[in-house]
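Multiple structures are listed underneath, in structure tokens.
Two complexes come next, and they have one chain in common, chain A, joined by chain B in the first and chain C in the second.
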Partner chain A sequence: MRALWHDSWGSGRGPAVRLAPEARIAAGAALFAASLAAPAGTGRGIALIAFVATAWTAACGMPLRAVKSFALLGAAMFLPYFLLVPLLTGAGTPGPSGQGGFLSALAAPWDVVLHGFAGLFLTAATVTSLSASDFRRGVLALPLPRLVTGVVIQIVHQTAVLFAETGSVAAAIAVRSGSGRAGTVLRVLASVPRVWLPRIIHRADRVSAAMELRGYAETDLRVMGPTKPRAADAAAIGAAVGLLALAAAIRWDWIR
Partner chain B sequence: MSVAAVLAFDRVTVRYEPGSRPVLEGVSFTLDRGERAALVGLNGSGKTTLLMAAVGLAGHEGLILVDGIPVRRRTAGQLRQKTGFLFNVPEDQILFPIAREDAAFGLLRRGVERTEAYRRAESMLAELGVGEVAGQPALHLSHGQKQRVALAGALVTGPPLLLLDEPSAGLDPPGRLSLARLLGRLDAAMLVATHDLDFAARFCRRFIVLAEGRISYDGPDASVVSQAWGTEA
Partner chain C sequence: MSAKTRGLTSARDLAYCGLFGAAALAFPVVFHVLRLGHVFMPMYLPLVTLAFFVRPAPAATTAFLVPLLSGAVTGMPPFYPPVAVFMSLELAIMAGLISAIVTKRPKVNEWTVLVPVLLLGRALYVGLVYAFSLAIALPAGFMAGLSFLGGWPGIILMIVVVPPVAKLRRGRPGAAVPAREGLKSAYFDSIAARWDGWEDLPALDAALASALERFGVGPDEAVLDVGCGTGNLTRAVLSRLSSAGRVTAVDISPRMIEEARRKIRDPRVDWLVADVRRLPVPGASFDRVFCYSVWPHIDDPGEAAAEIGRLLRPGGLLYVWHLSSRSRINEIHATAGEAVRHDLLPPAEETADLLRKHGFLATTVIDDEAQYLVVATYEGKGPEERMEAPAGDACALA
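Moving on to the complex of A and B:
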């Protein structure tokens, strides 16, 4: 899981990678919103969700290995919702043949699974289209408050550092305990309050000192990478926003 | 206090908690412009705390001046222009994903144009022997490479005072040697906290020994330190 997210950054090789980083982030966010807005209970909504997720994954050129891994991750995260169907069927209102109750019970898990899979793939595809440096440049170029950009960038950067730190703790525990993979995972979890957390707090303290020393908070990070908007970027964002509007229209129609 | 002093400590005491035992007690010394001093002492003797106090990251009693500027919370911005700081764990101070970007940050925040800032950062990285990693993710570098990237970020703006916390830690022997040579060529005054006397002796002519928060020796003779530690050859 850790390696999957870690290795995914910047691994995409599709045409979307040629867009400006901020266009990739904005388009990814708009498509994510479109996938959430489209209802999973209508044919048009399902088609739009499937199209948006598939098209963006292909446009970002997500590697096949990552597609398989994220599909497995999505299955593990979302398919168990279908286990709720028997419970929901009992609570539902069955039709003359009992089918209506089953179908209506299926609707809620189906909604979670479809939206979950789409959201996971849209996020992962956007991540694969961005290297860590692209992400920073993209966030800086977006019209967000300075504090927000600084915090978001540090969250992503320090998360990567924390993953590395967790890896070191896990390796140390594995070596010193001589336990297997499952045993190590359990020991790492048990060590969180006594080992990992104090280390992370200490690190956070030092990082904040370094940020203060280097003048991070007072600097407008846009000096790190201004970019000029291009027609292709505007077109990509426009298309994504158009799909979001279409999803909203389908949702509105479905509600009425 | 010397007029030429770029760093001056006058009866400085640091406590982490009010009323607790001081980590530094009554520390006084000055460091002249261009002077290089090794700050040596056993673990827990207060070396890192002294460096932190010099940049206002540890509250203190007494007076600390950096290039004539008193170290106070409100002078932090001015102090930043005067000092380059190297933490003993380089990951702590690398704030940007790509080595070149991190090394260039100090220049960019001073308004240097981006292409020029990156060029100068790459040049500094090359001078430190890690020019080939300029475009690489800093997180994927070895400890020694990260140490040099962090050092490049501290050196690139050419501050008059460098405060280096264990700069040779984790470096292989050739790396230590080349770093010592590089530091020996710099014009900046520097205070180098280290346990590594051989490394420090290559470019420092002054040794300030800390023991239990006090200065127990301040002079040119490194052998005094090894005698005190019982590590003489």
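Moving on to the complex of A and C:
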């Protein structure tokens, strides 16, 4: 996960990267919603989900290494849902050959796996299309409450710092204790209540004092430099919203 | 302008939210190395701890955003099935509740807040899992039972780890204390040892004694010294009191109080590290309140005036007082540390107007080259309406 966190930000090299950051975030969110709205029980729904996830992953130029990592992660998270099939088989309605119960028992895990994989790749692809500064700019440009943008930006900024600091603590523990990876991790865990969390509190005090001195809280969060709406951004968002509408239509048709 | 008036959050809250939010993203990494992520719910630990340190809105917002952010960047927790959303809701409700309780009752025992809130959160999460599983035709009872049983090690870990860490909030600027006060407290801490070296103490003692004689401080009075600093006024007041008289000396800087206590060892004094706007003292307790050399450092003078009104007996006197001119005070602050650079003393008439709005009658208003003095009599509500002390964040030292 640590590798995923570091490798994800700004590693995409696809055409979507040329869109404005806020357009990438908005389009990614709309496509994510489309993938959720489309039903996994119909051919059209499956095709739409697969198309949306594949096309956006390609458009963002998600690196192959990240694709492999997320595929493995998705397999570990979602494939176990098929283990529920024996529990569900009894609940299904068997056909004349007895296969109907099994197939209907597959429906729910299949729904989870397909939507889960699609959601995983859509969000990950969106993140790979954004560097940390793009993300900040995009979040600030979106019509979100100031509290939300402030907290999100702080979290993203501090996470990189904290990963580095935790790595340093772990390295120091490993050197001093001479233990292996698992031993080091255990020692880091043991240090959490007495060292790690109090260190975070002290760090938060220092950071807040620095922010206060620089007048951070009294300065409105603003995008640096004006952003002009561009045709490409509008087209991307429009296409994503169109796919969302199509997914909703397929879902409506499927329900009826 | 105080953080409270700026909005729902302050720089301090943002810094805490950023760091604890980051910890909630980083912490699961350590657990996942040992394949313990699902068992111990590591994302919860920093977010639940955070709720003890910041106000409800930032605490709940951070707790809501972190699972979504983690889901987007690392894929864990997943968005579908909507584990990330369920966690967001559970964590936001837990963090908001804890923070609201702690803000309202700062001295509450951490365990008594934490345990019921954790159980409530778990019940909510299990309920959401049950409802969703039912909706997509997964075995709802099995999934809910799995979620219920799987969460216990994490809940036990939080019950063991969070309260001792949350106790650290005591003795530091608390959830309800704006950031600038913490900064000011640190600033005055840093200069406490040097403060008396900047004064001509014999001359100051003489000036204070002479002024207190003019003010007619009686021997059996109860006096509040707001912003007592190193205790120079406290000592001058004590010299006029009998054994029945008493002084409550308050400052936001623990070091200033330490210096004052070192100089003055007198059982007639109660020392408090506290904010004048939230003093844990019963109403109608004092005959006089002195705000000597402190008024411009109070972030919200209106709130302070209201609180002082609560503390004064009917007809009690408030003194907003400096033994220098307003221009001299403002010049000193403008060139002092960043923490007090914007602490400017308004014209005395403005101060008198503000006090009038809070039930005082200003009887003396002096704003000249020798001193700044506003004396006001409290004429507001009767004592029976103002006996209850607010939930202050104070540290009583004696």
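In this section, the second predicted complex is superposed on the first by the 241 of 256 C-alpha atoms of A that agree within 3 Å, B and C clash if a C-alpha of one lies under 4 Å from a C-alpha of the other, contacts with A are read in each partner's own complex, and residues count from 1 in each chain.
Methods note: a residue touches a chain if its C-beta (ideal position, glycine included) is under 8 Å from a C-beta of that chain, and two chains touch if they have at least 3 such contacts.
Keep in mind the model is a prediction, meaning the values are calculated, not measured.
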Partners on chain A (chain B, chain C) - clash or fit: clash
By the touch definition at the top of the document, which applies to A:Val207: first (chain B), second (chain C), both, or neither? both
First (chain B), second (chain C), both or neither touched by A:Ala235: neither
So, does A:Leu72 touch the first partner chain B, the second partner chain C, both, or neither? neither
Which partner chains sit in contact with A:Ala190 here, chain B, chain C, both or neither? Use first/second/both/neither. neither
Tell me which partner A:Gly116 touches in the superposition: chain B (first), chain C (second), both or neither. second
A:Thr159 in the overlay: touching chain B, chain C, both, or neither? Say first, second, both or neither. second
So in the superposed three-chain picture, is A:Leu87 touching just chain B, just chain C, both, or none of them (first/second/both/neither)? second
Chain A residues in contact: does chain B have more, or chain C? C
For A:Leu144 in the superposed arrangement: first (chain B), second (chain C), both or neither? neither
Chain C: which of 63-71, 99-107, 333-341 or 351-359 bumps into chain B? 333-341
Using the superposition on A, tell me which residues of chain A are in contact with chain B and, in the other complex, with chain C. 154, 157, 161, 203, 207, 209, 211-213, 216, 218
Residues of chain B that touch chain A when the two form their complex: 52, 55, 57, 76-77, 80, 83, 85, 87, 89, 91-93, 95-98, 101, 105-106, 108-109, 111, 114, 137, 139, 153
Per the contact definition, I'd like the list of chain A residues that touch chain C in the complex. 1-2, 4-5, 8-9, 32, 36, 70, 73-74, 77-78, 81, 84, 87-88, 91, 107-109, 111-112, 115-116, 118-120, 123-124, 126-127, 146-148, 150-159, 161-163, 166, 181-182, 185-186, 188-189, 192-193, 196-198, 200-201, 203-205, 207-209, 211-213, 216-218
Can you tell me which positions in chain C touch chain A when the two form their complex? 1, 3, 6-12, 14-23, 25-34, 45-46, 49, 53, 57-58, 61-62, 65-66, 69, 71-76, 78-81, 136-139, 142, 160-161, 164-165, 168, 172, 179-180, 182-183, 186, 338-339
Complex interface listing, chain A residues touching chain B: 131-133, 135-136, 154, 157, 160-161, 164, 203, 206-207, 209-216, 218-219, 223-226
